[in-house]
Amino acid sequence: MSILTVRGLGKRFGGLAAVDDLSFDVSQGEILAIIGPNGAGKTTTLNLISGLLSPTAGSLGFKGKEIGRLTPEQRCRLGLGRAFQVVQPFPEMTVAENVLVGALFGKAGVSDAQARRLSRAALERTGLLRVRDTAAEDLTLLQEKRLEIARALATQPDVLLLDEVMAGLRPNEARQAVELVRSVRDSGITIIFIEHVMPVVRDLADRVIVMDHGQKIAEGSYREVTGDPQVVEAYLGPDDEIDSPEDARNAGV
Amino acid sequence: MDLSLLLQGIVSGVLASGLYALVSVGLALAIGVIGIINFAHGEFFMIGAFLAYQLFVSFGADPVLSLFFVAPGLFLIGAVIYRSSIQYVLKAPELNQMLLTFGIGIILQNLALVIWGGDPVSISNVPYRSVGWQIAGVSVGAVPLFSFLISLVIVGGLYYVLLRTRLGRAMRAVAQNRTGASLVGLEVNRIYLIAFALSAALAGLGGVMIAVIQSPTPTVGFAFTLKAFAIVVLAGLGNIRGIVWASLAVALSESLVATLVPDGDVLRNAVFFAIIFIVLIARSRRVA
Amino acid sequence: MTSNRRSTERRPALQVPFDLIAVAAAATLLYFVPELLKLVFDKASVSYLSLVTNALTLAILALSWDILARTGQLSLAHAAFFGAGAYATAILGKLTGWPLWLGIPFGGVVAVVLALLLGSVTLRLRGIYFAIATLAFTEVLRAVVQQLPTAIAGGSAGINISPLFRPTFVPGEMDRWEIAFTRNEHYFLVYAGILLFTILISIYLQRSRLRSAFTAIRTNEEVAAVMGVYPAGHKLLAFALSSLVVGFLGAVQAHRIGSVSPDSTFGIGTTVFALVTPIFGGLYTTLGPIIGAGVLAGVEETLKRTFQEGYLIGYGLVLVLSILFMPRGILGVINGLVKRLRGEGPPADPDHELPGERDSE
């Protein structure tokens, strides 16, 4: 059963089409990866889904409802959670206070006591319980990324949008993060994530969508899309000798 | 409607825009390059006016000559203020900057009140003050005309500096990339200093002109601070080029309302701010 | 090492509301201030009463501005709401024979209506853009009031209005200073009432989940929205609460001064002091703006008496030095001292309530 349906989604900035006629479905409980070169429109897509941008074309269905015209907070309350690429904690608040915002407001009708339970659970799950009274601006990068996820989890999402949560992490840190994302999915939350680190995509994704110039150019399993010549070309441009996105990554693209 | 009245409104508006541009471009420099919300900007303008007045009273100095003394004078004042206070709040929240510069403004304004008193002063005894021409039923005063031309030359000169010189390139680099540019820390602080001092000097030059055009009091500064802010915001923060057009737009509408609407002179201010308000709201609704 | 895990989810059943006790104590104290002044200063008490009255009005302005600023809205429209309240009561008094005191709630309501209008069109403006738009709104409102038919708003000359209180004086029974004192005493109590009302609003905002929402919106509105916070609603709520008390204040002030006019009633000074005081005292707190108001009113009066002409130079210097040496305001300095005395304890934050997660470690 698909929980999120994207149909003909488009976003133009002036003359530039950042996202163009994009369609895909996300099934309940799956992990979907969106990959593609820089400027392909991946983050714009997440912004359109979470409501930070309003689409210039197309429709967005979430749990059977059309959400294309709803505000970000309405979408959050319906069950869309979001972690940002550039970590954006509320710097004046402690870790616990940051998470509490999501718990208090993520769903309608949450009492203060429930919210504290929710945020404690989110902190526990993301391993932040020990640093909960630390000021958010004093965290390490890994902790900040965990905080991004904890805040989103505290809103009790059905679908979690993750934007490059592995970027900048060391390999062992990335492994921990992969475990975290998996455990989140195992608790029944559907995940859409943007990622540049290809091994992470390989390990996590049930399905992969490849974007280039705002359009979907391939869709399928990790193996399928990385073998697709169109995908290889999108990553490297024609006439290049490296032959997979993974190599491209290693080559510093 | 009387056509010559309309023409008169347009001509007066265009001529008035030069002064607005001169004062606002200085503020835009402070905001754009240094990122400082300077609520004392209008006081530099006021001090320029009173320095010119003092030079005139003490030495009989012609205001045109005074331009060459007032500009370096305010450059120096700006540099001193930057070194003694502004440089310490560069990274502070904008509210802190507002309070600091507002305090500086109070100091400057009240110093002026102590020195020159609260009455309006004017440089009235210059021969060209009453000179003017009638062209096709439109009267053009020598003072507004030349202050417009001088403003144009100065603003043009600033644009040239920003676009063509090493200093200008450095300023634009600093403006665009605060963190990256701060790798060469000392250099950045010097550029900020120059930009702030230059911004004060530009306002001071405008002040010299107002002392001939009108009869300012030491409290004239804050009103110009607000107007300059409004113009800078209308042009868009960081858009130094847009200052000229924003100044022209508000000066024209002010002047047209003042000449065409009966009792329009009282509405001058209201029109100025109504335009700013409407443009800001309209622009905010267009994005996203 | 196991951290102390005693039930952290529930709040302790009995929590001492120190802030409310402090407010009650302050209220009682304020009630007796006029009599105390009279007792201690005798004749000179008139000027001391006006000093504390000024401090009260400044505190109302500052705290109400701070409430709005907690949502990140740096308003330069306080003079507009103040003027709206003042003109509302003046026009009501002029056109109807209704009891004068009705003008105060009416002033508050008019200010709120204007604030909601302004707030709803400026929702998308940030920082300095928002500030300039609200300033422009004030100037336009001033012109509109000036252009209203003279029969209603009195044009540029404005309107004269009657005082709220007419204490009866028996000739020969009271000295002149006593008459002046009695007149002002009543106003003092009204201002004290408005300030208490504002303080209660502020404390409620700081204790409830609204504090989280306001802070989140102030620091990053987009992220707050994605986490389910409703920025538009919260921003308008702050606007309404803030303008309500400023509307009250404007109405009372109009009666005390005895007239309204476009230039004086909508003067930029109101806006500027509303903004300067909370920064000076300590932003985004209940106590900071109030301390700031008390200190600034005292500083101004002292300078005025010491230097007379040009005393404002000293006032400006105080502002400049304060921002250079106490960037977090007076309250920031106090908190720093408390922290040092406790030996690096948690930051003392009198308004801190949520989350009740903090263990004793």
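Per-chain residue numbering starts at 1, and chain names A, B and C are given in the order in which the chains are listed.
We adopt the following convention: contacts are C-beta pairs under 8 Å (C-beta built on N, C-alpha and C of every residue); 3 or more make two chains touch, one makes a residue touch a chain.
This one's a predicted model, so the numbers in the text were calculated from it and none came from an experiment.
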Middle chain, criterion being Cα centroid separation: C
Farthest chain (mean CA position) relative to chain B: A
Distance between chain centroids, defined by C-alpha means - chain A, chain C (Å): 43
Distance between chain centroids, defined by C-alpha means - chain A, chain B (Å): 48
Inter-centroid spacing, chain C versus chain B (mean Cα positions, whole Å): 33
Residues of chain B touching at least two other chains: 288
Multi-chain contact sites of chain C, meaning residues that touch two or more partners: none
Residues of chain A touching at least two other chains: 52
Contacting residues of chain A [partner chain C, same complex]: 50-52, 71-73, 76-77, 82, 84, 88, 90-93, 96-97, 100-102, 104-107, 112-113, 115-117, 119-120, 129-130, 132-133, 151-152, 154-155
List of chain C residues in touch with chain B within their complex: 69, 74, 121-122, 124-125, 127-129, 132-133, 135-137, 139-140, 142-144, 146-147, 156, 268, 272, 275-276, 279-280, 283, 309-310, 312-313, 315-320, 322-324, 327
Residue ranges of chain C touching chain A (in the complex, touch as defined): 3, 8-11, 209, 212-213, 215-216, 219-220, 222-232, 346, 354-358
Complex interface listing, chain B residues touching chain C: 37, 85, 88-89, 92, 94-96, 98-100, 102-111, 113-114, 222, 226, 229-230, 233, 237, 266-267, 269-270, 272-274, 276-277, 280-281, 284-285, 287-288
